[in-house]
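Should a chain be cited, it is by its letter among A, B, C, D, E and F, assigned in written order, with residues numbered from 1 in that chain.
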C-alpha cells in the first residue's frame, strides 16, 4: 500500500464529511477535553482498515494517540476491542463516522474473502478480486482482499493484457489479438485470454496465452477444460461465483477463482465506536 | 448535484483504472474504429447514475455521443436497454469498467431504496439515508437514494446539529446540549436529538428539539413515543432497519425512517455493456 | 473551522506570494539566523485570524515557534502585542506579508461586526453575515464574524432554502415555491422566504415559512410586519444596513439583522510586524 | 492575465458556494427553462471582472451565452447595463452570488484606483498597488488596478528585490544589502530600497539602487528627497496615502505612488443581477 | 497514453512558464491578431511529442487550430515542417517555449532510441527503457521510446517484480526472494532477477525466474549465459550500454537490451518555431 | 527555493514511481528492518539536489534519518560519499530510484555549469540559464545552475520583458515595442531586446533597452557590438554556445552568456545507491 495515495483518499473523505466543521461539537463543547474512543466489533469477521484509521486521526489532530490496536487480518467476534484511541473529544468525534465508514467496508470485504478462502482451502487455489471496485478506493479494497487471505488480480488497465469477448470480436480472432499484444507489450507483462468454449480454449492454448479464463462455464465444462490445458497455462474461473457454488468450482482443478462480488456487493461489518471519559 | 464535484470524482476514477493507458486496446487495435456500446440491465431494479456515465465519456473522448438513454429513476427489467453510446472503440472500452462500477452501485442503491419506499408507501412517511456512505461518493449515493424515491438526511457534520449519546454524556444532559447549540448555530439550522428511552424523549421535547430520533427502540416503545410527542417534533426511527422490519416500524406513526444499509451494504445491480460494430 | 480547509487556503496563499522563493532574503542573508517577529496592533479593534498565522508558520518552517499569542476575540488597542513568534529570519520574512494580509482582513471583519453588535446589544437580536464573502475565504470570514460576536447565516447554496424574488417570480407564488421545497428537502433543513411587502409576508406566514426576511423595507414597515408575524416565524431584516441605521432597525423587534458589508466591504485593521534580533 | 489560474480561482469559488448543489433551485424548479440575467450597476464606478463572469458561466453550463457585455474599464452609472447572459435558469442562479462577489470587489478596486488616478493626472506619475492583496486573488486584484488606470508593483517575493527596514537592520547597512543582492540576482531584475530619512536616501543613491522608496515621509521631506535624487533613481512614495493626501504627495515630484488600501480595504461597488423570463 | 495524465502534465508546465501572464505580449500587442506558427526541424531525427503540442494549444486557446502536422515517429531532416498551427498571436507565443521544450526533449529520446534500434536491427531483439526517467514525465518519455521503435520495461514499482542485488542480500538468496514473491503477487505478474555471475544465473534459472537480467557482464560472459539459459527465461542485458558497445552486446543473443541513457541523458533535438503573419 | 513547490514536485514523482506500492519489497520482506543507504559518486562533478532527497525521504517515512550529507555545490570524485541515510529498508528502497533520478539530473546540470564557469572565470562575466528547462522542474534546474556557479535568466514569461524577432516583426520596430512595454510594465521590471545585427543594436540602444541580447552573432560581430554599446546596456550573448566556443565568446567583452543546453541537454552524473545492513 502506498501511504501517499492513502493520504489523498483520507483527506478527501474528511473534507466530504466535515466541510466547514462539525457544528454539533463546536456548539456544545466549551472545552476540547481528552477522551477515549474504543472501536468494538459487533459481529464475527476479519479486520481490515487499521492504517486508514491511523491516517484519519493523524490528519485530524496531532494530539490523538493510539493506545492499543489489533493488526489487520485479526479475527473479530462480537465484543472484540479493535482499537483504543485517546485525544481531544472534538477531534475524535470529527473522525468517528469516516473511520467507521472505512473500517466497516474494508472489514466487510476481508470477512467475505476469508469465508471463500476457508471454503476452498483444501484445493490449494487462489481466490482473487476483480476491477469491480468502488471508484476511488481500489487500493484499499484490494488490500482488504489480501487481509482476508485472497489475492489480487490486475490492478488497472495498464497492468496486464486481458483479451475479452469484445476484443476478440473486434480483432478477428484470439490468435490475432494475442500475436499483436505480444509484439507490443513490455517483456515483463503477461497475456490473459477470456474463453467461453472449448474452441476458444484450444486457440488460446495454441497461441500460448499465459492465463486462460473460463468465463461463465458450467462445472463440467470447467473440469474438461482444466484437463485439456494440463498446466500449460494458468486457469482462472470467473462469472457469478458465490459461497454456494465456489466449492464445486474449486473442485474442477482451476488455479484461480475471481469473484467480483468481493468488492462490488460488500456487506459492511458491524463495528461501533464508544467514546469514554478519561 | 454539483457537476464540478462530479467532474472530480470521475476524473479520479478514470485515473485509477486507466493509469498510463489501456495496454490491451493500445496493443491490439491498429485503428480506433467507431463502435456502439449498449448498457443492458440484467435484473429488475431502478436506474441511477446516468450523469456519471455522461461525464465519463465526456472526459474520455469528445467524439463519443449518446444515441439513446433512459432517465435516472426508470424501472429496469432484465434486457432493458439503458443507454446506447457511439464512438471510437478504444475510448468506449477505456470507460467500460468505470461506467459499470458507478452504474451498478448507484442503481443498486436506488433499487434497494425503492423497495423500502414501496413497502411503506401507505404510511406517508419518508425513507432517508445516513452519513454511512462510501468515502468520496456521498453526493452520488445520496442522489441515488433520491432516484429511488427516498430522501436525504443531513449531508455532513456542518449541515445540522445532531446530538447523540456521546454528546449527551459529555455535555451532562440533553437540555444543556440543546441550549448551547441553540445559542451558537445559524438561525437557518435545526437541532435533532437522539433518544433511547422515554425520559430522554420527554427532555428533548421540553427543550423543543426540532427532531427527535428514536434509536434502536422496540416497535411498542416507538408507538408510545410517537403518541407522547404528538407532532410537536419530527420523529425519526433509526437502527438496524431492513425490509423485514420496516413495515411494522412504519406503522408506529414515525415521520422518518433512516436506513444506514441503503448505502453501507449495497448489492450492485447487474448491468452489462455490449460492444457492437457499426 | 476545519483545519484541512485552512491548510489548503494557506498553502495557496503562500504559493501565490512566494513562488520560486523570496529573492531578497535569498540574496542578502548568508545565514538563516534566529529572530523574533512581533505582531503589533496599530488601531482599536477585535482580533481574528490567529489560527491562520499558526498555519502559515507551520507550513513554512518546523523551527518557528510561538512564544506568546492573544486569543481571537481579544480587544486590541494601538500598541497591543498580538503575538510573538521566533524562528529563522528567512522563514519569518517569507510569511510576513501573507500573515498580515489575513490578520488585517479578518480582524477588520471582527472589528466591524463587534461595532454593530455593540450598537444593538440592548435588543437581544443577532447580527449575521451573508454569502457576500471573498471567494475562497468564506470559512475564515464567517469565522471572523463569530469572533466579533456575530452569527452566521447559511454557509452555501446547499445549506438551507432561501426563496428570493427571482424564485417567486419563476415559480408563480411563494406558496408554490415553499410547498415544492418542503416536499423535496431533508427534514433537517429550514425554509426562508424573502418578502418585500405585507402581502408577501402574509403569504409566507400562511404557508409556514420558518424564516421571513424583510428585504429593504422602511423602519415603519418592518415594525408592522414584526407585529403581524407575532413570533410565528423568525424575522430577518436585510438590505443596506450600516452603523448609522442599524439601531432603529433593531428597535423594530426583528430577530436577525443580516449585513452584507461585514464581508463585502472590509476595512483592514492596521497591524504591523516587527522583526527583532534574538 | 493567465486563464489557467483564473480557471482554478473560479472553480474553487463555485465549489465553495455550491457544494453538493443549490437546494433551492433543485427543489422548486421542475424545468430548467431559459432566462436572462442582467447585471446592473447601481452606483458610479469603473467596471472590472468581466472575464471572471465569463469563466463562471462557462464552468457552470455550456448552454449559457453572453448576449451583450461592456468591456472592463468602462465607466458605470446607476442603471448601466453591464452584461446580459442567457441560459437555463438553474445555472444562472447557481452562478449569481459568485459572479456578483467577484464583480463588486474587482469593480470596487478599479473604481478606487480610477479616483486616485484622476486626482493625480496632471502630475504624470503612476499609481501602483502593493502585495497587500486578498490571499488567493492577487492576479485578479492587480488586474483590476490596471483596469482603473493604475499600474502594478512587483507581483510576489520572487519578482524583484525590495530591501526594507528589517533587511537593512539584519544586514548591517543598505550598502551591504544592495551589494549582496546585486551579486546574486538575475541580470533582468531590479533592486528597490525602502528609506526613512535623508541619510538612507543618500546611501541608496550611492550604491545605485534602481528604485528608492520614501516611506512615511512628510510632504516636505519628500520634496527635498526628490530634488536630492535628481532622476538618478525612480522615486516611490509609500505609506498611508489616501484621497485626501495624494494630491500634495503627487506635487512633490515622485514618480510612483503606491497605495495599499487599493486592495486591502476595498469598498464593493454596488451591482445587482436581475433575472428575466425569455 | 492516457490523455487525462497528459492534461495534468501540460497544465503544470504552462502554469510554470506563464504564471500571472506573458508580460511581453500583454504589453506590446494591442490586438490579438491571427498568425501562423510553424515548427521546423533543424537536425536529423525522429519526431515525438505531437499530442503534447495539441494539448498545449487546446488548453491555451480554443481558437487555435492545426493546419498540418506530421505524425509521431516521422523521420525529420533539417527544414522538415513538423506542424503548422494558426491562431491569435498572443496565445501562440504563450505556448511557444513549453511546446518546444516538450517536442525537443521527446524527439531527442525518439531519435536516440531509433539509432540504437537501427544498430541492432539484424539481431531481432528489443531495445527497452528503464525507470531512469525525468520525474513527472515518465508516461511521455516511455511513449517517446516507443515512437523511436523501442519497447518499454516496467512502468513503476507496482508493475512487476524485479529482484536486485540489494533484495538478494537482504533476503538471503535469490531462491528465497523468488519463492516469497511467487506466493504473494498477482497471477498476472512476472518475476525478473538481476544477476552478476554464473552462480546467480543458475539459481535464477532453477527457481524459474521469468526474466534474467545480466547486469554489467562482459560480452563473453553474456554469450555464455545466453547459452546456459537456452531460452528457459527471457534474457535482458543491462548496464552502461551505448551506441559504441550495443552491437556486440546484441550479438551475444540476449532478448532484451535495456538502456538507461535513453531517458536520463537526453540530447534535445533542435527544433524551432517561426511565427508568420496571415 | 520554495519548499512548498518542492513538496509538490516530489509528491508527484513518488506517486508516479510507486503507484499502489513497491510490489517487490512488499512481497519479499516480512520485516521492515533498518538499513543504511549510501549515495556514492561514480564520476567527477558538482553536487546538486540534496534538498530533494531530504524531501523524498521525509514524505516516505518519518523514521528515516540523515546520518551525514555533503552540501550542494560540493565537488565530487568517483567514490565520494554524498550522503548516508538510515531507516526501514522498504522505505529506503521505495525512494531509491526517485532520489537518484533527481540527484543525477541536477548534479549533471551543476557539473556542466561549473565547467563553463571555469572556462570563463578570467573574464568576469556571468553564465546564465534559459527557459529551456524540463517542464515541471524549472525551479530545481535553475537552482542546480546556481549550485554550479551560474546565474539565472528570467524565471518565466511574467518576470521580465524580452522582445524577440517575432515580437519586433509583429510590432513594426524595436522602438515601437520597447515604448509600448515601458508604458505598461511595473517600474520594477526591465526590458531586454534580442538583436541580430548592428542596426538593431543601435535601435535598442537609442530606445534605452536595459539589456541587449546578441543572438547568433559571430565572434567578430559581438566584439564590435560590445564596443558600440559601451556599457550603456547589459550585453548578453546567446545562441548555440558550448564548451568549445564559450571562451572566445567570453573574450568579446559581453556581460552575460546564456546557454540553453545547460538544461535542455543534460548528461546525468553517475551516482549510485548502496544499501547496507545495520
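For this structure, a couple of remarks:
Just so we're on the same page, a contact is a pair of C-beta atoms (placed from the backbone, for glycine too) under 8 Å apart; a residue touches a chain by one contact, two chains touch by 3 or more.
Worth saying up front: this structure is predicted, and the values here are computed from it rather than measured.
Common partners of chain A and chain B, by the touch rule above, are C, E. Remark: among chain pairs D-E and E-F, E-F carries the greater number of C-beta contacts.
Taking the CA centroid of chain B as reference, the farthest chain centroid is that of F.
Which listed pair repeats A-C comes down to matching contact pairs by residue number; over half match for A-F among A-F, D-F or A-B. Between chain C and chain D, two chains of identical sequence, the interface residue sets overlap for the most part, with shared numbers making up over half of the total. Taking each chain's centre as the mean of its C-alpha atoms, chain B lies 44 Å from chain D. Between the CA-based centres of chain B and chain C the separation comes to 33 Å, rounded to the whole angstrom.
Chain C and chain E, compared by their mean Cα positions, are separated by 52 Å. Chain F has residues 2, 18-21, 138, 155, 158-160, 162, 189 in contact with two or more other chains.
Under the touch rule stated earlier, the contacting chain pairs are A-B, A-C, A-E, A-F, B-C, B-D, B-E, C-D, C-F, D-E, D-F, E-F. Chain A makes touch with chain C in their complex at residues 11, 14-15, 18-21, 59-60. Chain C contributes residues 9, 12-13, 16-30, 33, 35, 89, 93-94, 97-98, 100-102, 104-105, 108, 131-138, 156-163, 166-167, 169-171, 176-177, 180-181, 183-185, 189, 261, 264-268, 274-275, 277 to its touches with chain D in the complex. Residues 2, 126, 128, 151-155, 158-160, 162, 186-190, 192, 210-211, 234, 236, 255-256 of chain A are the ones that touch chain E when the two sit in their complex.
Taken in their complex, chain F has these residues touching chain C: 1-5, 138-139, 142, 155.
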